[in-house]
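Notes for the one structure printed next.
Per-chain numbering from 1; labels A, B, C and D assigned in written order.
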Amino acid sequence: MSVAAPTYTADEMMAVAAARRLQDGTVCFVGIGLPSQAANLARATHAPAAVLIYESGTIGAKPARLPLSIGDGELAETADAVVSVPEIFTYWLQGGRIDVGFLGAAQIDPGGNLNSTVIGDYERPKVRLPGAGGAPEIASWCRETFVMLRQTPRTFVERVDFLTTVGRPRGGGAGVTCVVTDLGLLEPDAETGELVMTELYAEVTADDAQQATGWDLAVAADPRSVEPPTTEELDALRALEPVAGETVVS
Amino acid sequence: MSVAAPTYTADEMMAVAAARRLQDGTVCFVGIGLPSQAANLARATHAPAAVLIYESGTIGAKPARLPLSIGDGELAETADAVVSVPEIFTYWLQGGRIDVGFLGAAQIDPGGNLNSTVIGDYERPKVRLPGAGGAPEIASWCRETFVMLRQTPRTFVERVDFLTTVGRPRGGGAGVTCVVTDLGLLEPDAETGELVMTELYAEVTADDAQQATGWDLAVAADPRSVEPPTTEELDALRALEPVAGETVVS
Amino acid sequence: MAEILPLGEAVRELVHDGDVVALEGFTHLIPYAAGHEVIRQGRRDLTLVRMTPDVVYDQLIGMGCARKLVFSWGGNPGVGSLHRLRDAVEHDWPGPLELEEHSHAGMAAGYWAGASGFPFGIVRGYDGTDLVEHTRVEPITCPFTGERVAAVPAIRPDVGIVHAQQADEAGNVQLWGISGVQKEAVLSSRRALVTVEEVVPVLEPRPTAVFLPGWTITAVCLAPGGARPSYAHGYYDRDNAFYLRWDEVSRDRDRFREWMAEHVVEREVSPV
Amino acid sequence: MAEILPLGEAVRELVHDGDVVALEGFTHLIPYAAGHEVIRQGRRDLTLVRMTPDVVYDQLIGMGCARKLVFSWGGNPGVGSLHRLRDAVEHDWPGPLELEEHSHAGMAAGYWAGASGFPFGIVRGYDGTDLVEHTRVEPITCPFTGERVAAVPAIRPDVGIVHAQQADEAGNVQLWGISGVQKEAVLSSRRALVTVEEVVPVLEPRPTAVFLPGWTITAVCLAPGGARPSYAHGYYDRDNAFYLRWDEVSRDRDRFREWMAEHVVEREVSPV
């Protein structure tokens, strides 16, 4: 990986970049993998009052180590409350109470639309992906949605094979406001809504980003440079890792 | 009261008559007052496995004494489960899981339709009554509904002033299947649905019943005679009474 | 994040003339102290929402705070009528009172919809009743089965007020026992005020507990005994004798006003 | 009232070829033992319903039990694909698999409606997505605001199957920890089968507990360890290593079949 400095991985850079964007007290709707790393890193560093909600029904979970699945017992034990799944998706998510939702995806298009359903044709897919899960309503009803995925020409596509999640939905939230990749960050243009590369990691160039994108990428005139992870951030992130032999594969 | 033998009151006769109709294991939706007396009497005598659900959200309440209000602490303490009011009315009542619902009313008509809203005109009522409460959906979604009220020309009327609760609704249940009064019991005719006086208490005549009814009352050809309360029934019923000074006025 | 405020200040900030206000508590944990503070501050033209208006609503209505009542069952539980409610409806005293009434299932569906951000909730009911002509309910047809069900509008109060047993310093709230529609009243409201029996260092998880995060609440107010004469599970019992006495007190307009002056208006604490 | 039955007998009586069957458990308390018994009894043409099909559904699908899958997210949590599910969808092996897919909010609304006796549930969603073209969802218009929301059909399985920590002798069931849609799966189903870790004399009320009365359940089966390799809060932890191993085992059709023969079909107990 051209962007990975010897002391941290691309995933660590992504988790750190996302974590920095969370303010203290932010209420987050979190999935497993990078989003969970980012939200828990924020909680362990500058945002101790961040509230983590997992779709399994745990509100205010405070795991000491990263959960291995979305319904991990650690989440229930450390949560302020455990509610049913129907309640999480009604009173809490569609009720419009969440500040930031996190999503992954297999594909994203310039409008921030996401595909997590199939690669290829729906009826005869090349790759059958897991499906929608909570994504469509997360993007519609959280005030903001952060997407985290690796930037490649196969993932950043002109047109998604299947539109699972609308990037700028008509719901109560702003939709996708930030895409965190292994090269930097993209944000939607205030007028057109098209994703613009606004921040780049150390040693990443605008040309690197264009090469990794399946459309004619807009790059900000003077993209901000993202500071590499600090020692404090890396220590905190690594302290969250599950015990050896139980690595989370995200 | 012409029907009250010296050893028991009309209310006691009503509670006993209703209790006898509850089979063991019956799941009952119960309100405060006579219904609560009847259901708890059944539980204390021949139907120890009867399940009492109060609309306050208590499932399987087993009060040792009669609750003084529908949300009495005793109900929560003795219940198998306490759920929210929205859940009681969705998963439990409209879900069609209740065998017998109990209702009172200010007026009833020959079709078993009930009024608990107003006496007189709605906009300028003579008497403003408490309103619908749980009644309309209880009558629609319990398998059977028992109504308990005193029989007088003012309560048994040709036409209710306000139709709060439909006697034979299009819901999943049979609607009003039994009306327990201070004179005896009425049941709907299998064909026409009109209420027929099918049982009379000791010393009550068909003519007494007609005199107490505001319409031309159908009386069964050979109405069954209801046995007076037994000593066991009266003892059990009186043992349920709240402590002195806290009498329930129903 | 909830602010912990004195009750007087919280009511002053949260409850305005003309607001839609829901005080909930299904027999248990009825927020009397907060209701009395609304009376003391002389709020007017309120639309009062509550599934089971009982004595505290009788008091608010009799003191002229309400323009409209949205409800499903209005009575003095186990006792009889609410005389002030009846006087307002039957004789426009102290002023006319508009009514919007539902069944319990309908009100519960309205709160559920409000808490969920939905514009309406559904009930399999109302059909064939006279309620249809006198309330806000519309038939909708299931697009899969053709069945007609009733839509009831979401309840979205300006202010939701409930009483709970405990809060912590961060304004998180826990209540237990019969929980009624309190969670929904808080989550469906634009602003939420919660009075509590006590503020504790840690909210211990309990059976039947409902937890409300501080970030769903606007103000938490310490009000020990704030549910009297109703009860607070684990703290005090219902004052059943009071409910019987209320039947006497409230029958007469003058006696009602005298009682309220003595026990509510001229006091800073809730009568027991 | 629930009968306490051996698992084999309960599955024989409750689960028939062609049934709509929901096995629920949101990561926690996944009813593996019951799923394996369905496989051992060779059920066919099932419509399998589950919000989060994971390894036990991969096994049911790979063993040819299913004709259709109704779901919202199908994967091996934290690991990756379900290879048997993919093989069925991508290559019709061991047979074609019809899909009906929703969002989580849509599935949850379907269960909620099923448990409530409603013909449909509502979601503010689906609009603008390609899901609309490939699933059972219809727009309905709010009669009060004019807002369009999505109606999803009620989920009403023939059989709902969940695993819980405890039952009592009367067949009442209690589960605690993350409870997912288990209550809804039981209450929305015509018949309900609950496997439990143990039968205890008294179900002690606990924080976060979900109680299911015996009269809502058809059969209760003692199946200690019946959620392995998922976990049972308070009893045993999730076997995360197994989920990683499954990725290997399930990639190859022959290896999958051998593994199933050895660990499921020829055993009377669930593999750990």
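The rule we apply is simple: a residue touches a chain if its C-beta (ideal position, glycine included) is under 8 Å from a C-beta of that chain, and two chains touch if they have at least 3 such contacts.
All figures in this text were calculated on a predicted structure; none of them were measured in a lab.
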Touching subunit B and also subunit D, the following chains: C
If a chain touches subunit A and subunit C alike, it appears here: D
Reference subunit B; chain at largest CA-centroid distance: A
Subunit A and subunit D: spacing of chain centres that average the CA atoms, whole Å: 28
Whole-Å gap separating subunit C and subunit D, where each centre is the average of the chain's CA atoms: 39
Computed distance of Cα centres, subunit B from subunit A, in Å: 57
Contacts with 2+ other chains: residues of subunit A: 90, 94, 141
Two or more partner chains touched - positions in subunit C: 112, 117-118, 124, 183-184, 208
Contact graph of the chains (line, ring, star, complete, other): other
Chain pairs that touch, as defined at the top of this document: A-C, A-D, B-C, B-D, C-D
Contacting residues of subunit B [partner subunit D, same complex]: 25, 27, 51, 59-60, 80-81, 90-91, 94-97, 141, 172
Complex contacts: residues of subunit C adjacent to subunit A: 1, 112, 115-118, 172, 183-184, 187, 203, 211, 213, 215-216
Sites on subunit D touched by subunit A in the complex: 26-28, 51-52, 71-75, 77-81, 85-86, 89-90, 101-105, 108-109, 111-112, 123-131, 134, 177-181, 183-184, 208, 210, 231, 233, 237-238, 240-241, 243-244
Footprint of subunit D on subunit A - complex, ascending: 32-33, 55-58, 68-73, 75-76, 82, 84-86, 88-90, 93-94, 117, 122, 124-128, 130-137, 140-141, 162-166, 169-171, 242, 245-246, 248-250
Partner subunit C, residues of subunit D touching it in the complex: 117-120, 122, 124, 136, 138-140, 142-145, 147, 149, 151, 153, 205-209
